[in-house]
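Can you read through this structure? Questions will come right after.
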Amino acid sequence: MSPIIEVRGLSVVFDGFRALDGVDLTVERGELRFLIGPNGAGKTTLIDVVTGLTRPASGEVLLAGRSLTGLREHQIVRLGVGRTFQTSVVFEELTVLENLDLAAAFRRPLLSLARRRRGVSETVAEALETTGLAGLADRPAGVLSHGQRQWLEIGMLLAQRPEVLLLDEPVAGMSRAERERTGELLTSVARDRTVIVVEHDMEFLRRYASQVTVLHEGRVLAEGSVEEVRGDPRVQEVYIGRRKDDAVSAGS
Amino acid sequence: MNAVTNLARLRGPGIFAVVAALALVVAPLALEPFRLGLLAKYLCFAIVALGIGLAWGQGGMLTLGQGVFFGLGGYAMGMHLKLVEASSLPSSGSSSGGGPALPDFMVWSGVEELPALWAPFADPVFALAMVVAGPVLIATVLGLLVFRQRVRGAYFAILTQALAAAFVILLVGQQGLTGGTNGLTNFFELFGRDLADDSTQRGLYIVVALVLGVLYLGARQLVNSRFGRLLVAVRDGEDRVRFLGYDPAVVKTIVFAISAGMAGLAGALFVPVVGIISPALLGVVPSLELVVAVAVGGRFALAGAVLGAVVMGYAKTSFSEQFADGWLYLQGALFILVMTLAPKGLVGLAASAREALAARRRPAVPASRTVKEIA
Amino acid sequence: MLSVQGLESGYGRARVLFGISLSVEPGELVCVMGRNGVGKTTLLDTVMGVLPATAGMVAFAGEDVTRLPSHRRVALGMAYVPQGHATFPQLSVLGNLLVTLEACRGPREALEEALETFPRLKPLLKRSAGFLSGGQQQQLAIARALVTRPRLLILDEPTEGIQPSIVIEIEEAIERLHASGMAVLLVEQYLELALRLADRFLILDAGHVVHSGTAADLRQEETRRLLAV
Amino acid sequence: MEAFVNQLPIGISIGAVLLLIALGLTFTFGQMGVINMAHGEFIMAGAYTAYLLQDLTGRMAVIVALPVAFAVAGLMGLILERTAIRHFYGRPLDTLLLTWGVSLVLQQLARDLFGAPNVQVQAPAWLQGGIGTLPYNRLFIFVLALLTVAGVWAYLNRTGQGRRMQAVMQNRGLAAVSGIDTGRVDQRTFFIGSGLAGVAGVALTLIGPVGPTLGTYYIVDAFLVVVAGGLGSLLGAVVAAAGLGLLNSYAEFWSDASLAKVIVFAVIVAFLQVRPQGLFVLRSRALS
Amino acid sequence: GGEAPANESGAAAGGDDTIKVGILHSLSGTMAISEVTVRDAELLAIEEINKAGGVLGKQLVPVVEDGASDWPTFAEKATKLIRQDKVATTFGGWTSASRKAMLPVFERSKALLWYPVQYEGLESSPYIFYTGATTNQQIIPGLDYLKEQGKKKLFLVGSDYVFPRTANKIIKAYAAANGMEILGEEYTPLGHTEYGTLTNKVVQAKPDAVFNTLNGDSNVAFFKQLKSAGVTAEEMPVLSVSVAEEEVTGIGVDNIAGHPVAWNYYQTTDTPANKKFVEAFKARYGAAKVTSDPMEAGYNAVYLWAEAVKKAGTVEVEAVRKAAGGIALERPEGLVTIDGENQHMYKTARIGIIQPDGLIKEVWNSGEPIKPDPYLKGYPWASGLAAG
């Protein structure tokens, strides 16, 4: 069986600047893959290409063996690829519940959408529960704080029930307790689906990651287990860094 | 608590029932034919406004070219009436007679043979179908072209405005085909009934009111459905909607086409009610005036759109009867005031007034008592 | 330096802050903590005049600034890095810095200094800010604030979305600024970072200050519990 | 071939007129996101300024009026901004309707002040005549448009004020906490944008009618230029104006004026298929 | 505006001592410029008649409505005047479109409309009296004049609507019959102001004269741009049929002086009635005001109707119609007689040249009033025009 996501020789060029430069990446079904790398390494760009937001200059992305080249964003979503954004975007005038409901409803035929929503579907109820937003279900999403929006985005992604989930820095701006909740959530989701997470929080990485891919200047710099990657001097050099006093490493 | 919400839930249908009764029973009895005709005209505009409310208020597509669709519907109907008239009457005075009957304006425009475009409109079924199908088709094509390319917001508004301008120029330029600036007028009968007859006019009014009512209910259903939520989502974050697996272009096109269909229907009703359809009704200014009416009524509520059209229509008639010179000032000033002081329009104003009242009353009455009082 | 008394504010009729008082002495670094949605951002926004205060007072350097517009507060020496990588997307990186510099009529050296703090911005000077990666934007946002050479620096989760090595650099930069006598008001979710930097901290919950104290207090179990809830 | 050559200067001069009337929109629409339908009436105000100045300056009115009209129209824009538009930032579509109301009032005001019939502004004697199919007065407009473009470009890209203007447009909140007095910047932007409309109005007295409805003749075209050129892009506006001017003139030459308008519209729709955001787009990665 | 405080029903038909008459012109919108002046002239006539004792001993009370430059509004307001105000007759309209919109209303209610503007002919409604010129009283005399001047090659320029298109058809037929050549025929949308290309076409064609049926503001742009292209009235006169004294100031005398126009009346027309009219008009509305052909035709309409009512002894429509035929009055433009058959007027055609002072000096006239012939039945070369 082919891997669920296969990226082959992917390059992205912006006005002469190579944001991605021949990236190869293979993610198997049921994996919880972490994608790390310095700011500007091209992590978000990689997600953008997979989800159809950015067109690559060369290379291609395969979803379960099928090329995604040339598909539009919503078509890719319909094939089972969902994502969150680094800066969360939610529909501010709709309530939290409606945001989730819309995310869950895209597989319904268009005509059935013309009916009024009755009650709360199981998927949506579950998403409300998982994200801890149940108390805010009927508030418009516009009143949410930064962190609450982050959760809503995760909730919408879950409600979509995609095969592959791509999360761009989901725990940025979350408190420690919430990071833990997110980590556990992602681990459980990854049991029957595939999750790719971009994150800078090394503590989070250490606790929940198994496989890590490191991007640097548009290329894959290293790949392996958390320990391997953290031990890699190149990764330390460009990414993790060292304190002057050398006493504690970041995030631990 | 339950009683309060129940009452609130009842209020919508309650108001609707009262308004419907007023429009369908009281108005035809109480108003003299001339005034009833005016009301029918306002209701025609209200149908267009309803479409604008849907497309703009709910969907964020500010369409400044609704006159085009109104015109397509109106001309489809006008062409039919003209052909009926031409074939029923022995062409009067001017024409030499003989050959297939030509509408009067073609005779004086030097057209000798009925244009192919016109011929099928002699059939009432075809004409009625075109009233809706024409606008819907054009809106769909234009919508798909434009929305798929992610033209939106101000761009879309300006584009539709240019469309209205171009459409009028085209209509005016094809005098032999369309009657030019004069448009189509001088109709005598509608489906065998004399248009000058008061009872025909009253019947027409009832039809207009019924159509408006049905469309209003349909539009409300749409807005309250999931599709309505989706529409709001598209309005506020088209790009994000794509990542929820929907194609915003399709959603927008559907709504744009619905609003176009409504405008077309309104145009078709307008023709027998007012007795004329001409390019002056379809251009940039009349299209904008309707949008303004929707804004005045309150674009975020469908009822606001309808209310706005009727109020502005009435205001225009009565102000221009009282002080013609000042009408522009009044219209402009009214509009500036509404936009700055009540951006949600009359309906929004009423809502916030109700809220303010409730807020003032609330502290005085303990919560537990409120429930009892109402129950 | 900064003194906030009985501050209340919110959005429309929804009140978010209920009588917050705090002070930042000259040269002091105060850290505000609390779970998502307790009102940290609202507090900073109100201090900066982005949101109007519905009650209470904000004073800066002995002057009552409660009713001053934001830009006047900046002129007095307050600088603000809002949450979530805010930049002027269609200006270049340099343009972002310049526009701030010109608005507060600062010397050119201030710009050089800010770039020294974030050397990674140097090769990006000509690129539109909107095309930067999230982390790059955040660095630019902080640099932008530094250009004004503030007396009080207000930061809302500055390390959000930043790679570890640069988090260290930012931390060191804040430390340096702090050491050089700049007062700092910081919202931060990373306990460790807060621990290392803060002279004092306060914990918000539901729009109230529920706890405040010195850095040493922050190590106590009880405060940790407050944050974890 | 001869026709082709003869039409060229006409097309370019139509382009210059379009550019001149659209330039102000680069500020109000491009920078502030305000769709100012009263722009046409500011143009009208500029034209009437020239008309009134005639009593003082005689045939030199057209020259003297340029700065005066800039100030007059600018001031009108300033008042509009202060009293109404500032409540509308970030809601471009609402500004469209608001300013349309304003434009109605201004038209009626002009009618009451100057009467409904057109008035006449006499052109300086040295603008009579021309070279080939290019009359001097069109040449004058062409040069004026070029100078104005250069000025606008320099202002936007070479001055701190221009940069602050862009900053406010792109992120109002951030601009305020960056120390920018956003209110002042708004006022200035509106002053300049409206002032440029006044300048255009003076130029138009050379070739068109001067009456209360003057603005309505140009407003749709002006916005089309901005749309085709790309929002807020000066280069886009220049290229689009030239393109539309040439298209207009050749389409009219080979068909007629009515059809030309329809052709122009069709071409723009077709063009937006290829370049949906106009010729030159200011992009960013953020989702709108 | 003035709805009189008369009671609702049947005031017009007599019963009390006033008669309501409707006045329906555009007081707002693009046409207001022109139509307001006609309204003023009509109101002046009503005042004068009232001062002289009214009609049938009753005072006339005008009910003024605004057509708002919008054709359906004309139909709507006409309905209101007839059904609600029950006016005895209505004076109104300017554009052909407004007349066409009102026509069915008047015909069906069997009410009277007096229409005061020159128009394209091919119409003769039993419920409309046409006090302006029809084509054989303006366009054909204009062509006769050009022919006399030896102009053989014409270029036709018009706004894109009914009147210019019909006029140009007649001109082409005339040209074919009279050995004239039409070098070009161009239409521009109403309100068009960019005449660079059109001017270029005209200049390239090198006609002897231009026949201009442009409307409103377009004339301003056209004449300005023609002038700056170096065209002079001597080498290429532009004969206009829609430019009257009112428009000359807006176009700029500089730009149009020396060009000919065709009408039935000018402010300078030398008749005793005109001296009185101009004086009264200036006294009433200001010395700076000018009078023009449509104003005079509107002014006449009121007098002609009053005369017919006197003759009929009632305001009843059919009686008035019957009485109207043959009525002849000395008006500012000279003798005007109502043709009872088609309800048009016998009018004298006059060609004038625009003077540097903005007034128009007559240089040619038809000598005697021309019998109105809206369908050009009396012109063999025009046969087939009306029938299509």
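Should a chain be cited, it is by its letter among A, B, C, D and E, assigned in written order, with residues numbered from 1 in that chain.
The definition used in the following text is that a residue touches a chain if its C-beta (ideal position, glycine included) is under 8 Å from a C-beta of that chain, and two chains touch if they have at least 3 such contacts.
Heads up on the chains, UniProt names are A, C = ABC transporter ATP-binding protein; B = Urea ABC transporter permease subunit UrtC; D = Branched-chain amino acid ABC transporter permease.
All values reported here derive from a predicted model rather than from experimental measurement.
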Report summary line: For chain B and chain E, the contact-path distance works out to 1
Query raised in the report: How many links in the shortest chain of touching chains run from chain C to chain E?
Result: 2
Query raised in the report: Taking each chain's centre as the mean of its Cα atoms, which chain lies farthest from chain B?
Result: C
Requested in this report: With chain centres taken as the means of their Cα atoms, state the distance from chain B to chain C in Å.
Outcome: 52
Requested in this report: Report the inter-chain centroid distance for chain A and chain D in whole angstrom, where each centroid is the mean of the CA atoms.
Outcome: 46
**Report entry** Distance from chain E to chain A - Cα centre to Cα centre, in angstrom
**Finding:** 75
Report task. State, to the nearest whole Å, the distance from the C-alpha centre of chain D to the C-alpha centre of chain E. Result -> 37
Query raised in the report: Listing for chain A: what residues touch at least two other chains?
Result: 85, 87, 89
Query raised in the report: Residue numbers in chain B touching 2 or more other chains?
Result: 169, 172-173, 237, 239-240, 328
Report summary line: Multi-chain touching residues of chain C, meaning two or more other chains, are 131
Query raised in the report: Which residues of chain A touch chain B in the complex?
Result: 51, 72-74, 77-78, 82-83, 85, 89-94, 98, 101-103, 105-108, 110, 113-117, 156, 160
Query - In the complex, chain E residues that touch chain D - result: 30, 32-33, 36, 160, 186-189, 191-194, 196-198, 200-201, 203-204, 217, 220-221, 224-225, 227-230, 246-247, 249-254
Query raised in the report: For chain D, which residues count as touching chain E in their complex?
Result: 3, 6-7, 10, 13-14, 17, 111, 116-123, 127-130, 133, 135-138, 206-211, 213, 216-218, 248-249, 252-253, 256-258, 261
Report summary line: In their shared complex, chain E is touched by residues of chain B numbered 32-34, 37-38, 41, 93-96, 102, 106-112, 169, 172-173, 175, 180-183, 185-187, 196, 274-276, 278, 280-281, 317, 320-325, 327-328
Query raised in the report: Can you list the residues on chain A that touch chain C in the complex?
Result: 14, 17, 36-41, 43-44, 86-87, 143-148, 150-151, 168-169, 172-178, 200, 202, 238-244, 248, 250-251
